[in-house]
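Dropping the structures in below, format is structure tokens.
Shared chain: subunit A. Partners: subunit B in the first complex, subunit C in the second.
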Partner chain A sequence: MIFDLPLSYLGLQLLIGLQNGAFYALLSLGLAVIFGMLNVINFAHGAQYMMGAFLTWMLLDWVGVSYWWSLLLVPLALGAFGILIERALLRWLYDLDHLYGLLLTFGLVLIIEGVFVESFGASGLPYNKPDLLAGAQRIPLGALTGNEKDVMMMPVYRLWIIGVSLAICLATWFGIEKTRLGSYLRAATENPMLVRAFGINVPVMIMLTYAFGTALAGFTGVLAAGLQAVTPHMGANLIIVVFAVVVIGGMGSIMGSVLTGFALGLVEAFVRIAYPEASNIVIFVIMIVVLLVRPAGLFGREA
Partner chain B sequence: MPETADQLQPLIEVEGLHAYYGEAHVLHGVGLKICKGEVVTLLGRNGAGKTTTLKSIMGMIGQRRGAIRFRGVETIAMKCNRIARLGIAFCPEERGIFSSLTVEENLYLPPVIAEGGLTIDELYDLFPNLSERRHTRQGTRLSGGEQQMLAIARILRSGARVLLLDEPTEGLAPVIVEQIGKVIEQLKNRGFTVLLVEQNFHFASRLADRNYVMEDGRIVEMVDRSELEEKEALLQEYLGV
Partner chain C sequence: MSLFDGGYTIRRFALSPRRLALWILTAAVLASLPFVVYPVFLMKAMCFMLFACAFNLMLGFAGLLSFGHAAFFGTASYVVAHALKVWGLTPELAVALSVLAAAFLGLLFGLVAIRRQGIYFAMITLALSQMIFFFALQAPFTGGEDGIQGVTRQPLFGVIDISNNLTLYFVVLVVFLFGLFVVYRTVHSPFGQILKAIRESEPRAISLGYRVDHYKLTAFVISAALSGLAGGTKALIVQVASLTDIGWQMSGEVILMTLLGGMGTVFGPAVGAVVVVTLQNYLNAFGSLVSIVIGVIFVICVLLFRRGIVGEIQARIGR
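Our next item is the complex of A and B:
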């Protein structure tokens, strides 16, 4: 017993914290990748996440495409959407101040959310996750508490989110930090013109980076569809917290955004246990402190 | 094509080249020719337009007009990455070593665009220091001289046969300058074509088959290797050495 609370309750709260952290990590990872290459703060990230969730719902409800296929098809569709946005709009803004990209993508949010509210209403749509991921996993706690009857029920879907998010984050980190293609990306972030002078088609790389970022948002949306009601505003609610996570972690660091995402999910969970009233604001309080002490973020490079 | 015909037609031919940075008109009709296997220098004071000329040939200056032909192919409207694929490589004055890449990643960064590049072993023979420091985690942790060698080494791997080197000796100790001079000599013996921008006239003139002198965005003089002595006074006047 900690704080007079049973271990099973604590365990569940921490699991939920990690799972929230997985969403923060996936979304802030996408933002960091996009910002590093495009110099654009992608405010539309939340809307793209919402689109991913809606698309997952549509695929099942309208055409009967399963969750598992959605995990593949939705990111591809969102990636294609990203290419469209990048070619039509964003590429004209690269030489301008960050503010223009932010304003443009904010405008996109208003349009996208407006279209979805108009078409589907603001109330949530239910999504049936696959049976394989439904239910809960019994985890015996006897060894820890000494009481054979103590068990913890872990929702399988949340475990799945944590596992698959970790895998995606690690794969992305590996791809960027340890592969040849990743070295092109890192180099182009530092000096795009010189990388072009080596014969690498940097504009295409930038386009595909944005597509990858939006695909990540779409993938997170698929995960979210199985967890909560699908609504047009689900992205707007989440993205504000994710931006705070990005500010805390520091823009442009891949591992930094992943670690910060998971860590802040856990911090939120601890606060929810210790002092529930503060759990919704703790991330913003940390953001303010980090901004005062280390403006570039915990993992950010000092400008 | 037989070797003789190849030598008659210049490998790079620049005519009436104008270049701009925004409102600033930097090059005013530059014209020069480089033949296969030549080492040619661009001399001139700061701000004469030497770097801009190199970058224009490489396609790194957005606003340029005139004619730049590479093996007879007009490249003035081509994108930088396409020009690179024709077999021209650029080594920037600031060296352009990437801090988020290891030494080895920096070395492997330029993709191989043609056969005939140096192998890694040959590169480590040419630059023994790099071999010792290949596992350094940040390319920018190398000394200035080592960074310069890395910047040259990486473009030799790609198979490009024309090298545009922008002030490779700037700010380096004499012993390193000597080493880089030897490397350029070896590259010439291997048949590379080199366009070298230099402030260090004594370094450049020793290596060069021909020297172009730039002033205010124009070529004002061409000095052949054989004319160096008779035109030395003139050159000193232009370069202010």
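Our next item is the complex of A and C:
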């Protein structure tokens, strides 16, 4: 017993915290990758996450395509959507102040959310996750508490989210830090002109980077569909928290965003246990403290 | 290319006969307008015009994109609603209190946010304002989802009855003109010139010996206070303070007004505000269509129309 709360409750809250952290990590990872290459803060990231969730719902409800196929198809569809946006809109802004990218993608949020509210209404749509991931895992706690009756029910779906997010984050880190393509990407982030002079097609790389970022948002959306009701506004509030996560972590490193994301999810969970009223704002408070102490962010480089 | 094309020069104010005629004409139009157009709509429009001009002090003249100005606007409207309804203050005291509250909030935001520039500044202000939003949602005295409704318009100074919309129109007109005058004076002052210098090149301003952070912070506080004046007055007009005034969508709307009207022009944002408010008034019947239309205008402005309406006119006339 800690804070006079049963261990099973604490364990569940920490699991939820880790799972929220997984979402923060995946989304801030996408933002960081896009920002590194395009110098655009993708405000539409939340809307693209929402589109991913809706697409998952549509695939099952309208066509009968299973969750497992959605995990593959939805990111591909969102990636294609990302290519469209980058080619049609974003690429005209690369020579301008970075703020215009933020404003353009903000406009996209209003359009996308408006279209979805218009078509589906603002209330939530339920999604039936596959049986394999439904239910809860029974974990005996007798060894820890000395009471044989103490058990903890771990929802399988949340465990799945944590596991698969970790895998995706590690794969992205590996792809960017350890592969040849990743080294081109990092080089182009530092000095696109020089990389171009070596005969590498930088505009295509930029396009694919944005597509990868939106695909990542879409993938996170698939994961979210099985967890909560799918609504047009599910991305907007989340993305603002993710912005704070990004400010706290600094967009300097891939690992930095992932670690910050998971850590903040855990911190939020602790606060929810100790003082539930503050759980909505704790990440913003941490952001203020970090800015006062270390303005560049925990993993950021001084610009 | 920087965020802004071209500079801005100080012009002397001279009252030629032509100017005088223009002023008289303007006064006549302002005085007769409420007999033609619904006064509440006009008053709301004036609040948003002031809000946009106040916001533009930051974006247009200091080059700082705040994505959290709804916090000042909304907080002020909650303060006015609370002060009128619960404390029973007179309107002028309530509005003065709301301006103080917004200025204080601006000081706190500024102290944190000016530690980063550009895109981070935008994200930080957005996150801070979201914190205020959650506070307004959860605090016991803000009425949660309902907001504070049924605010009565107490007599101004305890004597002037403003429950009549027409009377209130002229009161709001005075507040509005005062607010615009403050914006105008701020821009056309040595302080405003230094802000522009910081906008064009912060390192240069620092090397000239200006304490850049102080200037940015002062601009933030002035902008927040005037946004508060706009928000507080709006609560007095519509007799409601609600979450719409304080949410991130409102921060986005004021950016659009400024962008559409022309950032970097003194009164362009007011023109943008009129367009956006009129649009919302007509499109509100069609539900979420407003959001789509505003989003489309946003995208078009950013891609093709970065100087905005007034900026474009100024460029065409070639002043």
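Things to note:
Simple rule for what comes next: the second predicted complex is superposed on the first by the 302 of 303 C-alpha atoms of A that agree within 3 Å, B and C clash if a C-alpha of one lies under 4 Å from a C-alpha of the other, contacts with A are read in each partner's own complex, and residues count from 1 in each chain.
The working rule: a contact is a pair of C-beta atoms (placed from the backbone, for glycine too) under 8 Å apart; a residue touches a chain by one contact, two chains touch by 3 or more.
Note that this is a predicted model, so its numbers are computed, not measured.
When the two structures are aligned on the shared chain, A:Ile288 is found in touch with subunit C, with no touch to subunit B. Contacts of A:Leu104 after superposition on the shared chain: subunit C is touched, whereas subunit B is not.
Of the two partner chains, subunit B is the only one that A:Arg186 touches; subunit C does not reach it.
Of the two partner chains placed around the shared chain by superposition, subunit C is the only one that A:Leu96 touches, whereas subunit B remains out of contact. The partner of subunit A that touches more of its residues, comparing subunit B with subunit C, is C.
Applying the stated contact rule after C-alpha superposition, one finds that A:Lys129 touches neither subunit B nor subunit C.
Contact with subunit C, but none with subunit B, is seen for A:Glu113 once the two complexes are overlaid on the shared chain. Under the contact criterion defined above, no residue of subunit A touches both subunit B in one complex and subunit C in the other. For subunit C in complex with subunit A, the touching residues are 1-3, 65, 67, 112-113, 115-120, 122-124, 126-128, 130-131, 134-135, 138, 248, 252, 255, 259, 287-292, 294-299, 301-303, 306. Interface residues of subunit A facing subunit C in the complex, by the touch rule stated above, are 35, 41, 89, 92-93, 95-100, 102-104, 106-115, 117-118, 236-237, 240-241, 243-244, 246-247, 277, 280-281, 284-285, 287-288, 291-292, 295, 303. Every residue of subunit A that touches subunit B in the complex is listed here, in rising order: 180, 183-184, 186-187, 189-191, 193-202. On subunit B, the positions that touch subunit A within their shared complex are 58-60, 79-81, 84-85, 89-90, 92, 96, 98-101, 105, 108-111, 113, 155, 158.
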